[in-house]
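Two complexes, one shared chain (subunit A), two partners (subunit B, subunit C).
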Partner chain A sequence: MKKALPLLLPPTLWLTVFLVLPTAALAVSAFSKEGLAALLEPVTWFLFWKSFRIAVVSTAFCLAVSYPVAYFIAGCSPRWRNLLLFLVVLPFWTNLLVRTYALKVCMEPLGWLNTESAVVFALVQNFLPFMILPLYASIEKLPKRLLEASQDLGASPAVTFWKVTVPLTMPGIAAGCILVFIPVLGIFALPEFIHERTHLIGSQINLYFMKNRNAGAGSALTLVLMLFTIVLTWTYSRFRKSEGLV
Partner chain B sequence: MRKALGGFTALVLVTLYAPIVVMVVFSFNESEYSVKWTGFTLDWYRKLAANEKLHEELWNTVKLALSSTVMSTVLGTMAALAARSSFRGKSLYTTLVALPVMVPDIVLAIALLALFDAVALPLSLGTAVLAHTTFNLSYVAIVVSARLQGMDRSIELAAQDLGATPFEAFRKVTLPAILPGVLAGAVLAFTLSFDDFVITFFTKGSGPGTLPTRIYSLARFKVTPEINAISTVVLAASLGLIVTSLKISRVPVTGGGR
Partner chain C sequence: MDDLDVTLRGVTKTFGGRRAVDDVTLTIRRGEFFSLLGPSGCGKSTLMRMIAGFEAAESGTILLGGADMAGVPPHKRDVNMVFQSYALFPHLSVAENVAFGLRIAKVDDVDGRVRRSLEQVNLAGYEKRTPATLSGGEQQRVALARAIVTGPRVLLLDEPLSALDLKLRKGLQQELRRLQRDLAMTFVFVTHDQEEALAMSDRIAVMNRGRVEQIGSPEEIYERPATRFTAEFVGAGNFFEGVGDGRTVRTNDGLSIESAASGNVTLLVRPEKMRLNGGSGLPARVEEVLYQGASMSIILMAGDRRLLVEDANDGALARVRVGETTTVSWRPEDVLVLPR
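And now, the complex of A and B:
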């Protein structure tokens, strides 16, 4: 403890001032007349529901697309593996708005812009690396002998997949889903690029702050989003711990 | 089966990269209306080069990224080193360090906005630097922690046993060993800051912005070759940073450690 203190103090102090205090300030601002009024508005809960629905759909598509890709990459030779993983991660290093704009360039002549399906497509495309990487990590660790045993005992490839592969890669599935679901729930800017009138919880928070000058209402929505994220992360970390004990 | 999976993977990669390629190609298109190719031109880039407001925004982006990178690299490395010892409240500490990465960007942005508002601090690029340092601190701490996990602590302890002060042991043994991790963390921080839109948008105030905030206000409602050109420039900058980080992470580890 004594030795760690000089190292511990500066980052802890920084995070106290720029993370803990802001959260307190957010709560104070949220528990105002405007904030509580915003929480009673039906439109708030409609938007939370809509954001939740889009996040669930995007996460599900992301998982469905990523699993075969991660499975394929895990079965490649090390050289191909590294190349494919690099290609999957590379877009993450570039600007999100630039990538979304590039999609927009392609969607416009196709007449696909301004639809909810285009928004979901853009979200899935953007968050793929967050799903593929944890899936790959858990598929790659899969003990081959268990798969062989299952087939030797007469299970078809489909049965082996659903009864052995999927349960054993559950930690990767859970990690990927949480890494995609949380940022999509609070997404801002990307949906507006693809669909001008998309209104999700992120756009509503922006509206309260930048147009309506109603900081209390914006803070209340943000606080709910934050609490939701914390509960979800906390549940996930408990789930992961129990996984580790088995 | 393997063939089908390979084909599917190829298709996914195409959907990832094709839009970017189309955007770059059409930044060289003569026609304003980017649907049809009419001929090669560099006009859109000439226009950018002549746009002084854009120069200012580029400079703001670099200033913001550089200052938040320096601060977050120092703080994040300290946070990672401190996490090696055990102390009371450590699980709370690790949660605190990981939180900026976990919550959606907009949550961190609005919370900071509420703080700046509560203490009546006027928003500027300076407040954006504080915000960027906060999220980058976490990313640097995670990258450096990963590096530390592969390190043999006994060499450090041996240095101290042989009479080095903790600071000397740090400077001569620990730091050289974790330097590639620290540099990789710094490049990641710079890239994240350079590309960030949401946090900058809410914490910079109404003053001059950065390249991402410019792209947001231009590209939300329309598609033009000029926006293609700005986007291509930002893309090229990001790719340059990746190449740098790959070079750094291949730097061999010298002086102790693994």
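And now, the complex of A and C:
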């Protein structure tokens, strides 16, 4: 125990300085007159709801697009797999703003710009790798024998997919959904590039802190968002434990 | 035709230019315990996967109960398979694993059927366990229960016992045989273990390099092997190559062995048919005595020729000492003739 102490010191310091203290400061600032006032504003809850809705829709589309892609990659020969995974990650080599501007340029002639669906599209394409990679990891681990056993017992390929493949890749599905849902929930800047009126909770927090200089209101909204994501990840980790897979 | 469950005619399958299954023709009768026996890579597993529908035959016909299976996907074939690696669904309980096929078939009384099936494999009370908490032998029984519960026409077993230790394997061999008799179900059993095949099967097909070498009862396979491969793969043997004139066969190292064979032949004498005695016979020197508990193996050198003699450990061989000279003899009717 004595020997472990010096080893524990750096991470403890790090977490204290960069996580515990800022969160405490945030909480203190949130429980202020301005903070409570912001929480009583109907527009705040409208924005929370709007962000939640867009995050759910984007995550759902992301999952629907990523699953076939991940399934296909997992079925390729190792050489192709590496190449395809590289292509999946490739967009990260370009800055987010640059990518979004490029998307804007593509959308403009189609007349698709300035709609909420265009925002969802931009979010989906931006967060695809976060969904594809965990899905790929769990599909790739799926023993082929189990799919054969299912078909052997009379299950058609579709039934096999729903009764065997999906339940067994649930850890990947859950991980991917969390990795997409949480950042999308608090996102700002990207939606406004595509559609100025798509003002979300992240944009609102940004507005309070940066423009209105209302730290109390910004902190209160941030704290609520944090609590929500903590509950979400906690549920997910409990689910993972009960599943007993991984 | 009615009592035939599986008919294969000229079935061939190539993997990367190599013939994994080469022109196999055989029939399996209803209620038969039929083994596909051969070394690894002989095509026995591929052949079974073709019956299950996981591999397509390049040429030839596969009939199940008289119906051509060409183009019929695995889930529409009335055969179930017990996989070597068990392939239990890790996300389902034992009961749900067994119920898997029943739920798809939408039969009634699923719970009752699952319970009876688990009783048949001596796993009553295991319903709520998950596969991860079971031993290898228990997992194998669940796989078996899951495969028999839907009452398939044919049960395919892909080396189901090879991952288990010897004692467990012997016990499961007997259980499998009893289960097969009770159910009167056709079992197709793939194994590379010749003892297992001899002990369990009604008939055996010995396979080598994708081809069927011989089909017959265990007695026929062991006592009257049709080829040298079968003779060597199923049991040990002492082989004598020579030319026969109808009364004796002369080997190239000068031995004369009494046999009615003529022409170029290989003679086979099984080790347990050979006797050591002090009287007349082939003179030989004791090279090695291998004590095996219930039996003993003695390796002899007769000139440059190595001979293997096996006998029950009943005391008669206890006096044999390494280095001493003895004679070895056998009855003429124990000499088997193989074509060369």
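What we mean here is this: the second predicted complex is superposed on the first by the 238 of 246 C-alpha atoms of A that agree within 3 Å, B and C clash if a C-alpha of one lies under 4 Å from a C-alpha of the other, contacts with A are read in each partner's own complex, and residues count from 1 in each chain.
Everything below uses one rule, namely that contacts are C-beta pairs under 8 Å (C-beta built on N, C-alpha and C of every residue); 3 or more make two chains touch, one makes a residue touch a chain.
For clarity, every value in this text was computed on a predicted model and none was experimentally measured.
*Asks:* Pick one for A:P167: touches subunit B only (first), subunit C only (second), both, or neither.
*Replies:* The second partner, subunit C, only.
*Asks:* Between subunit B (first) and subunit C (second), which, if any, makes contact with A:R99: first, second, both or neither?
*Replies:* In the superposition, A:R99 touches subunit B alone.
*Asks:* When the two structures are overlaid on chain A, which partner does A:A189 contact: first (subunit B), second (subunit C), both, or neither?
*Replies:* first
*Asks:* Does the superposition put A:T23 against subunit B (first), subunit C (second), both, or neither?
*Replies:* first
*Asks:* Of the two partners subunit B and subunit C, indicate the one touching more residues belonging to subunit A.
*Replies:* Touching more of subunit A: B.
*Asks:* Would you sort A:A155 into first (subunit B), second (subunit C), both or neither based on which partner it touches?
*Replies:* second
*Asks:* After lining up the shared chain so the two structures overlap, which partner does A:S219 touch, if you call subunit B first and subunit C second: first, second, both or neither?
*Replies:* first
*Asks:* Where on subunit A do the contacts with subunit B and the contacts with subunit C coincide?
*Replies:* Dual-contact residues (subunit A): 157.
*Asks:* Under the stated contact criterion, what part of subunit B meets subunit A in this complex?
*Replies:* The touching residues are 1-2, 5-6, 8-9, 12-13, 15-20, 22-23, 26, 34-35, 74-76, 78-79, 81-82, 84-85, 87-88, 93, 96-97, 99-100, 102-108, 110-115, 117-118, 130-131, 133-134, 137, 141, 166, 191, 194-195, 197-198, 201-202, 212, 215-216, 219-221, 223, 227-228, 231, 234-235, 238-239, 241-242.
*Asks:* Which of the residues in subunit A end up touching subunit B in this complex?
*Replies:* Within the complex, subunit A contacts subunit B at residues 1, 3-4, 7-8, 10-12, 14-15, 18-23, 25-26, 28-29, 65, 68-69, 71-73, 75, 84, 87-88, 90-91, 93-99, 101-106, 108-109, 125, 128, 157, 182-183, 185-189, 192-193, 196, 202, 205-206, 209, 215, 218-219, 222, 225-226, 229-230, 233.
*Asks:* Name, in rising order, each residue of subunit C that touches subunit A in their complex.
*Replies:* 52, 54, 73-76, 79-81, 83, 85, 87-91, 100-101, 104-105, 130, 132, 146-147, 150
*Asks:* Per the contact definition, I'd like the list of subunit A residues that touch subunit C in the complex.
*Replies:* Touching subunit C: residues 143, 145-146, 148-157, 159-160, 163-164, 167-168, 170, 243-245 of subunit A.
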